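Okay, so subunit A shows up in both of these, paired with subunit B first and subunit C after.
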Partner chain A sequence: MAQLISRLRVWRGAVLLLAGLYFLIPMAASVWFSIDDVNGTIAFDAYTGLISAPGFTDSLVLTLELAVVTVVVLLLLLVPAMIAVRLGSPKLRPLLEVVCTLPLVVPPVALTAGLIGVLRWGPDYLMDTPFFQTFVFVQQPEFPLVLVIAYVLMALPLAYRALDSGLRAVDVRTLVEAARNCGASWPRAVVQVILPNLRGALLNASFLTLALVLGEFTTASILGYQPFAVWIYSVGNSQGQMSVAVSVLSLLITWVLLLLLAAAGRERRHKTATAS
Partner chain B sequence: MSTATLAPAGRTTTSATVEFRSLRRQFGTTTALDGLDLTVEPGELLALLGPSGCGKTTALRILAGFETHDSGEVLVDGEDITRIPAHKRDAGMVFQSYSLFPHLTAADNVAFGLRMRGVAKAERRKRAHELLELVGLPQRAEHYPHQMSGGQQQRIALARALALQPRVLLLDEPLSALDAKVRLSLREEIRRLQQELGITTLFVTHDQEEALSMADRVAVLRAGQLEQCATPSELYSRPATAFVAEFVGTMSRIPCSRTADGQVEVLGHRHPVDGDLPADGDLHVLVRPENVELTPAADGPAQVVAASFLGAVTRLTVRLADGTEIKSDVPTETATTLPLGTHATLTLPPRPVLVDRATP
Partner chain C sequence: MTTAPTPVPAPAAADLSGGPGAAGTATNSPTLPNSTPPSSTLRSSAPKAAGRRLLRGKSWLATVPLLVFFLIGFGLPAVAIVTGAFTVSSDADTGAGSFTTANVTDSVQGAYWTALVSSVKLSALTALIGTVVGVPIAQAVLTSRFRVLREAVLTASGVLANFGGLPLAFAFVATLGNAGELTKMFHLTDHGWSLYSFTGLTVAYLYFLVPLMVLTITPALEGLRVQWREAAQNNRATSLQYWRHVALPILFPSLLGGFVLLFGSAFAAYATAAAMVGATVPLISRQIADALSGNVLVGQGNLALALSLDMIIVAVLVMAVYLPLQRRSARWLS
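What follows is the complex of A and B.
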């Protein structure tokens, strides 16, 4: 028996090592490639040159802005809808689930093609109407709201899953009724009782959406905008070392966000543990 | 009609009269309340008792403002509260499931209602600690719900419900999720607090023991209608209907026959009838175990087939020749003279008996 356990341990270690190498080797190679100088020395020019690289700051800022607006729009749409369905019409839950999961089966290319079809539509006689102006407004290059629309759709399944698991852990109806019994109006009951108990789920949904927006390439590229992922691609065509440096950097940004999320969760657990 | 009592923080609160008038509520094809008429007096603890689906929780939720009714009226101190939203009704509620806000400490949970009313922080803290002392948990003030037992959570929920000094306290099966020992102690605690504060209280339960031991009066509901509302002793000793008789306490059914003078004959003896005698059909007499006397007799018509130890008494089940089973409570020391298989005679006390149609 002891021999079997020790053999299992060896196998487990081997599998972990292989998995670790599978992830670490490409990353290490990327880092090495980004700092390897032609003279055989180490140089950080690819990183230091990033700030001054044309388009770097603009694309990064645009991506972060898009990410923030996407997260806000998505949560403002999804959270009230999910809470309302749980409280008012639990029978509509499967329908909401199907609607929110539907974007999973629509490839980004198809979604973008559909968006292009809609945006290009518009007879000339509508040109001076607010309807047409809205189409123009959502496509302005400074801040393409059309990308937010696309990202919200793409992130819907991810955010729905994260929020749904959070809501399952909370007895929404009883908590709202208890809050109302204590004198809270509907909005106050939701904001002061339900949302604080969905903190983890909200953070998860936000993070997943953020990660999606940071890495999204297809839609932005086809629609002709240049957020971070598209910029990395375009830089890669002319400055290979810098494009890898940016990839490493974006990976680090994602990790930092993940660590912040984990730290926020741990801080709450620590707070409750120390109270006991 | 209101009576003034002293609330924990030295403030005066009032307990109200609650009236349900011809209250009806239908869920699809199911009738939850079918013309409920009931009045709860100021400072009274009234238990709503009945089987699942009898409408007791619906009535409570309508009073709290979480459900609407199709017709009828709900009056608090004579005022129709139908149009008042739940958060403006002056009623504190304790729920069946632990309903404490998980992200708040016990003290913050208790103070939540005061925060909603805009009470200053210092005053909130003071009041919360007074209430926590009232429910015996001042040391748990900074604990979160998940760090407390079920009984402690329900006591905190009770303190939270009392924080706003409501005119009516609503208890929706608050003990059903607790283990037996905690249930017993919390039952006493709730009753003590209710009497101390003199607050009008509606207590929903399906546990007859709970209802009988805590309430001033018990209202038994069946299929959305009130069967009987009476004091626990009256309900037990003088049930108005066969349903109440069998739902509250244990009852045995013994076949009987009519006599020409409007009485019934059971086990070879004549008894006057308590209430109405059904005009036709087969009849049963309903008797409680403590009213059936057993005497060992070799030629007796009944045979002991089961025994269940209940402490001071032992509940024996005897079977008649026709298969009828009757329960009888005998003192435990006497039960030793009636082991399983013993034949015995049965005697009922010479007083009016409750008669019902034989169930198929």
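What follows is the complex of A and C.
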């Protein structure tokens, strides 16, 4: 028995060590690459030079705006629908599930191709109709709403699963009925009783969406906009060191975001893990 | 050796909920109904019925915005892909807008077929390696005595699974590219190493696929009950036999589900390949992007839509394998 246990420990240690090496080496090498100077000294030029690089602020602001709008739109669309399906319209639940799973089978490139196909209808068929203005509005370069549409669709499966596991852990019906019995109105029951119970799931869904939008490259680059990821790509072609520096930064930012999320929704995460 | 005579909750699950503060929330949510005992009888009668009637009437309205958004945002592009794939491009000399199957037949020939096959090969290979490698890691982490390690690995997996795209490409170029740190340190190019190849792409893809597998398979591994293992051991099964005859059959649907998820992620990935290997490894996603950017012959604008249709069909076929199996796993790992 003791022999078995020690053999297990060796096996487990070896697996974890190999995995650790594979996952840590690229990070360490990236950090080293980004601060390694030509003369072999350490310099942080790549990081300090970022802020003054042309296009940095514009693209970053655009990405953050897109991220916030996407998260808000997604939650406003999804949360009421999911709560309503739990409470009053269980028959719509399969439909909702299908709607939230379908985007999985359409890769972002294909979705973009479809969007371009639709946008081409504008000048092709709808030139003289009021719809044409909508097409122009959706594609305005200052704030391309078409990207928000694409991002909401891409984030739909992720957010749905996050919210669904959150809702599973909460007895929505009982909570609402209790609140109603205490005299709360419908909106109040939802906002003050259900939403606080879903805090972890809401944060989780928001974070996943945020991470998706911050890193999204495919749709934006093909449609010809320049949010942060596309900007990094153009920088990467000319200044390798700076692009690696941005990669390191983006990894750090994602990490901090997730740690914050883990701290905020820790209890909830345990509960959903047990429930699922 | 202890065998539990009665079914008890899965130890892993019980262990998980024992964290600091977890018990607090567990009792937190039911406090509201419990604190008003008289209402519990009422709840089941009049107000409930009234509430339901109210809900039945109006609650579906809350799903309308989502469905309308979906119909416009997803339905229109889907229609555009299907109609576009079967009509002549608007930039063609003759017959613009008329029905044709030329786009679809072209999209499964020559360079496009090579790209599709190589995409499928890359996704299947990386998903397979990711599954095979991810399970031992998840198991090693789960059975570890250190809570901190488990938390750290799961959090790290969450970050790394989202670490696809450009940053990943740049990180690997900095590590194993021609001027990368490891390449310089070990003179890997002399040994025939190139990141800008099928192998290089595989190594890079695994960086986000393995964590994705760890995240996906962990709940299933947690669902494996200790009693099953003990029962196997009491019947003198070796560790290998336990895995071969008990654990793997139960895990199989979850494993397949993870594989499908990994396949889908690898298949859809575009940015990593675009930034890392350029055109040296032909991939269907890159071909679509090229066709959309206008790098095709005049009159072939709709080829991109036909290629997208191919891609969706592959994804749907793979998903179709997985969905029926998922039902089976629910029976054991609830």
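Convention: the second predicted complex is superposed on the first by the 257 of 276 C-alpha atoms of A that agree within 3 Å, B and C clash if a C-alpha of one lies under 4 Å from a C-alpha of the other, contacts with A are read in each partner's own complex, and residues count from 1 in each chain.
Heads up, the rule we're going with is that a residue touches a chain if its C-beta (ideal position, glycine included) is under 8 Å from a C-beta of that chain, and two chains touch if they have at least 3 such contacts.
Just so we're clear, the structure is a prediction, and the values are computed from it rather than from any experiment.
**Q** Touching A:L175 in the superposition: subunit B (first), subunit C (second), both, neither?
**A** both
**Q** Go through the superposed model and pick first if A:I149 touches only subunit B, second if only subunit C, both, or neither.
**A** second
**Q** For A:V246, decide between first (touching subunit B), second (touching subunit C), both and neither.
**A** It touches subunit C, and subunit B stays clear.
**Q** Compare subunit B and subunit C by how many residues of subunit A each one touches, and report the one with more.
**A** C
**Q** When the two structures are overlaid on chain A, which partner does A:A229 contact: first (subunit B), second (subunit C), both, or neither?
**A** A:A229: touches subunit C, not subunit B.
**Q** With the two structures laid over each other on chain A, which partner does A:S185 touch: subunit B (first), subunit C (second), both, or neither?
**A** first
**Q** May I ask you to decide whether A:V68 touches subunit B, subunit C, both, or neither, giving the answer as first, second, both or neither?
**A** neither
**Q** So, A:V193: does it touch subunit B (first), subunit C (second), both, or neither?
**A** both
**Q** Go through subunit A and flag every residue that touches subunit B in one model and subunit C in the other.
**A** Of subunit A, residues 170-171, 174-175, 177-182, 193, 197, 276 contact subunit B in one complex and subunit C in the other.
**Q** Which residues, counting only subunit B, touch subunit A once they are in their complex?
**A** Listed in rising order, the residues are 64-66, 85-88, 91-93, 95, 97, 99-103, 105, 112-113, 116-117, 142-144, 146-147, 157, 160-161, 163-164.
**Q** What does subunit A use to touch subunit B in their complex?
**A** Interface residues on the subunit A side: 170-171, 174-175, 177-185, 188-189, 193, 196-197, 199, 272, 275-276.
**Q** Considering the complex alone, what residue numbers of subunit A touch subunit C?
**A** Where subunit A meets subunit C, its residues are 4, 8, 11-12, 15-16, 19, 22-23, 25-27, 29-30, 32-34, 36, 76-78, 80-81, 83-85, 87-89, 92, 95-96, 99, 102-118, 120-121, 124, 149-150, 152-153, 170-171, 174-182, 186, 193, 197, 208, 211-212, 215-218, 221-222, 229, 232-233, 236, 240, 243-244, 246-248, 250-251, 254-255, 258-259, 262, 266-268, 270-271, 273-274, 276.
**Q** In the complex of these two chains, what residues of subunit C are touching subunit A?
**A** Residues 13, 16-17, 19, 21-22, 24-26, 29-30, 32-33, 36, 39, 42-43, 47-48, 51-52, 54-56, 58-63, 65-67, 69-70, 73-74, 76-78, 80-81, 84, 90, 133, 136-137, 140-141, 143-144, 149, 151, 155-156, 158-160, 162-168, 170-176, 179-182, 206-207, 210-211, 219, 222, 239, 264, 267-268, 270-271, 274-275, 285, 288-289, 292-293, 304-305, 307-309, 311-312, 315-316, 319 of subunit C touch subunit A in their complex.
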